[in-house]
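Each structure below is given as structure tokens.
Next come two complexes, and both contain subunit A; in the first it sits with subunit B, in the second with subunit C.
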Partner chain A sequence: MSDLAVHFSGVGKTYPHFTLDDIHLELPTGSIQGFIGANGAGKSTTLRILMGLVHQDRGTVQVLGHSMPASQVAAKRDIGYVSEDLRLYKAATLAWHMSFVRSIFPGWDAAYAEELARRFDLKPEQKIKGLSHGQRVKAALLLALARRPRLLVLDEPTTGLDPVARHEVLGALTEVLADERRTVLFSSHNTLDVEQISDRITFIDRGRILDSDDKESFLDRWRRVRLEVPANAVLPEVPGIVDATRSGRLAVVTTDHYQPDLAAAYQKAGATVFAVEAMTLEEIFVADVRSRRERKAA
Partner chain B sequence: MTPSTLTTAAAATSGPSAGSMDFAMIKRLVLKDWYFLRGPILGYLAAGALALALVSQAGEGTFFAGSILLITVLITIGIHLAMATVVEERKNQTLAFVMSLPVSPAEYTTAKIFANLLIFLLPWLALLVGSFAVIAGNAALPDGLIPFTGIVLLEIFASSFLILAVALISESQSWTIGAIVFGNLFFQGFLYYVSHIPSIGQTMNGPRIVWSPAAVNLLVGEIVSIALMVGLTFWLQSRKTDFL
Partner chain C sequence: MDMHSTGFVISQTDGRPMYLQIIEQIKQRIAVGDWAKGEEIPSIRQLAVALQVSVITVKRAYLELEREGVIVTRHGKGSTVAADPDLGPRLYERELAQHLDQAARIGDLLGISPKDLQNRLRDAIQSYLSSNRSTAEEP
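This part shows the complex of A and B:
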């Protein structure tokens, strides 16, 4: 079935000091999409528009077939949402929250909720104020997952967690996401977190989508090439070069459209190729953001 | 992929259609607020009962102490409700949890107004009826106090709704505190103004209950003010585009 769980078309939102501009975003059903951006890039605004909590000034948003924000109630019946700035009621127990959410969602899976509580090492009778931050994130995840949503929206769920808690939350998330085919949109400024669980990646910076592709395609097409270039040699113009720095005879070229014949082209120009290095998602993200910012400034 | 390939399975989703109110959801949200406030409200009822006991005692000192305690309890309930159900919900970031549920902004606003009115009305009505009963049943207290008491307690109700409306519309602790200060200053002036209206001031220490045209007009004006604030709150809330 070739359909989209989320479709943003030309979406914009203008604030006095920030503009989300011309967002086009497609999330195929069943995919796990990482949404990467620096702090203040527009991730949370985008996800709030997706949830109908912020109304776009321009463009259209379709979520699970519903037009947003007009049909947000119908859409939210099938969305599980966990955000960095979402908190549960401190004075209530997890059991109270489970009972409250169960009363709203007919599809609440009580057995799954109990299983998640065990897996996350949570005690339902414990009050939220007695939980650590990591446990609170897990509690929010439990409440989102046990309603069996068709779409799971996670907005920086690992932010503010210590390394151990972050590892636990990501591990638990990876485990539950492997359980079944579920559409997930996971935002973070931490590329390692996103890389761990996503199969598609979207970069956003300063309110604009930079790039969106399968994770493997991202990792395949980005390369860093290290060269030794004789003083009189001129490197050929090759499409897809994102960055090229030269220090004496040494040069480093970064490309987002790597082809094996790139090295051959440089060698033909008299350069010696030392290494063609794969890049981590973080390196790709930083290179993409820097090159686009420089191009915009130029 | 094009927008036309988007799933149309959404049509199968159950529940009220877009634009209509889900009153079952509103009820859940009201009960949720009641769950968190039932303890303090019982405490306020106990303090209100103490105030009425003081008022019913012979002696000017206990009467004034009871009256001040009664007014303080009612004003505090209004402030507590708006702060706990609206301002703190935003400050403590539980608003994101509520709004992640299948709730529309209109349902959220309706739930907050219902919750605050119902939870406020419970102790308010109990203390209003209790006040009337104490005045009517105590020979030392003039029955003429009843209209004045009704007008004053209804003003506290209106003032409490003003605080709620400002909290909902502004979503700001500072503006809400401003509304609290304004409400209390207005209340002091209102007490002075009402007690100096001849048809009210001259009969409040008398043995008969006199519903003068001025007293009735004040009561009607207070009720109309509350209704206008309810309408204005809904209207302004419906124009909001950002809910987090």
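This part shows the complex of A and C:
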């Protein structure tokens, strides 16, 4: 058995006004991967290629050992996918959807479905058209989760949810990982959600992967260093500096490869280090996107 | 095990990384005897699910606790509290050292003499102790 649930290699897709290029993704079985990007960055396109809904122009995609899009029928038996458009029949009830999904997927767990309905505060007899946005998201998630698929692919599952619903959804997602054979890939522009529950994080911007690493390494690598630099001092060139701004005697340096000897190097050059600050995932993402866009424009 | 009753609280505004918060709260649990010496503790996955945080974060906390001799992990058999856990003040010790370091640096920056800085620290200790004593003496 391969221990990668998802493996993208050199994947690309060209549209008239958007190009997804050179996408490499590795998702180990038993982990949660958060996929972060601005709107229009290519998150949904990537997830649709993963599902075989969009066919890549270049590169290979393996999902649960199946080649996509060629073996998508076999692969989809074990994938639960919740997209932004949700695809629920407005005139039908949640209970109708539950029995419909159950008739197609033999792995349907009726007891778990009922438990989720209770926890998500959903009434199966209610019609989809009477549900709020948050309730619809939770209904779609229930239908995917109760199949107990080996891979869950969720496109923006927490967008537009109120705090209570977000909490319920994040809880249900982390619970999936109690079973170490199951894997979750979800896209979001809410970095707080991703920071909380992801094992691995991938940044995407303008159709390209910026960075992909396990979360702890991500948070460890990035630091913001605040310095006082005497007027005549020159800061040494150090690798891994993403951004450096100087105003008067004060400087702020952002690095994506922090090492303790960085501070020492600055001290040696005559600067005084006030603080070495950890960054939130949101700050890291914004710094990464900005510096790459600037470098590209330069 | 009902994890909610163990009272772990992970704060996103705490400022410290989540794995450090988990380490500290596990140590507290052991220190007060809720998690007894030699007793089995939740698996990494169980605790991750209960806290709604990622597996890798809990794994990092457990690795660190193992290195410090607080817990023992046997491959494939889960983790237990060490027979003689070293709950030494390391965590706070490190924090204190950082704050003192910072104070010395900022003092220097502001041109405060070492003597004055020492006096400032003494004042801070006194005002902390007196305010704490007065609240302790109230009925």
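In this section, the second predicted complex is superposed on the first by the 275 of 298 C-alpha atoms of A that agree within 3 Å, B and C clash if a C-alpha of one lies under 4 Å from a C-alpha of the other, contacts with A are read in each partner's own complex, and residues count from 1 in each chain.
In this section, contacts are C-beta pairs under 8 Å (C-beta built on N, C-alpha and C of every residue); 3 or more make two chains touch, one makes a residue touch a chain.
Remember, it's a predicted structure, so these values are computed and weren't measured experimentally.
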item	value
A:E228 touches, of subunit B and subunit C: first, second, both or neither?	second
Comparing the two partners subunit B and subunit C, which touches a greater set of residues in subunit A	B
Touching partner for A:L177 - first (subunit B), second (subunit C), both, neither	second
First, second, both or neither for A:I197, with subunit B first and subunit C second	second
Contacts of A:E216 with subunit B and subunit C, given as first, second, both or neither	second
Subunit B versus subunit C as contact partner of A:F274, first or second or both or neither	second
Subunit B versus subunit C as contact partner of A:H7, first or second or both or neither	first
Touching partner for A:I104 - first (subunit B), second (subunit C), both, neither	first
Common ground on subunit A, meaning residues reached by subunit C in one complex and by subunit B in the other	none
For the subunit B and subunit A complex, residues of the former touching the latter	1, 3, 5-11, 13-18, 22, 25, 28, 32, 35-36, 92-94, 96-97, 99-104, 107, 241-244
Footprint of subunit C on subunit A - complex, ascending	30-32, 167, 170-171, 174-175, 177-178, 180, 192, 195-200, 214-216, 219, 228, 272, 274-275, 278
Contact set on subunit A toward subunit B in their complex	1-5, 7, 9, 26, 28-29, 48, 51, 53-55, 60, 62, 64-66, 70-79, 81, 83, 85-92, 96, 100-101, 103-104, 106, 140, 144
Subunit C - residues contacting subunit A, complex	12, 15, 17-19, 45-46, 48-49, 52-57, 60, 102, 105-106, 109
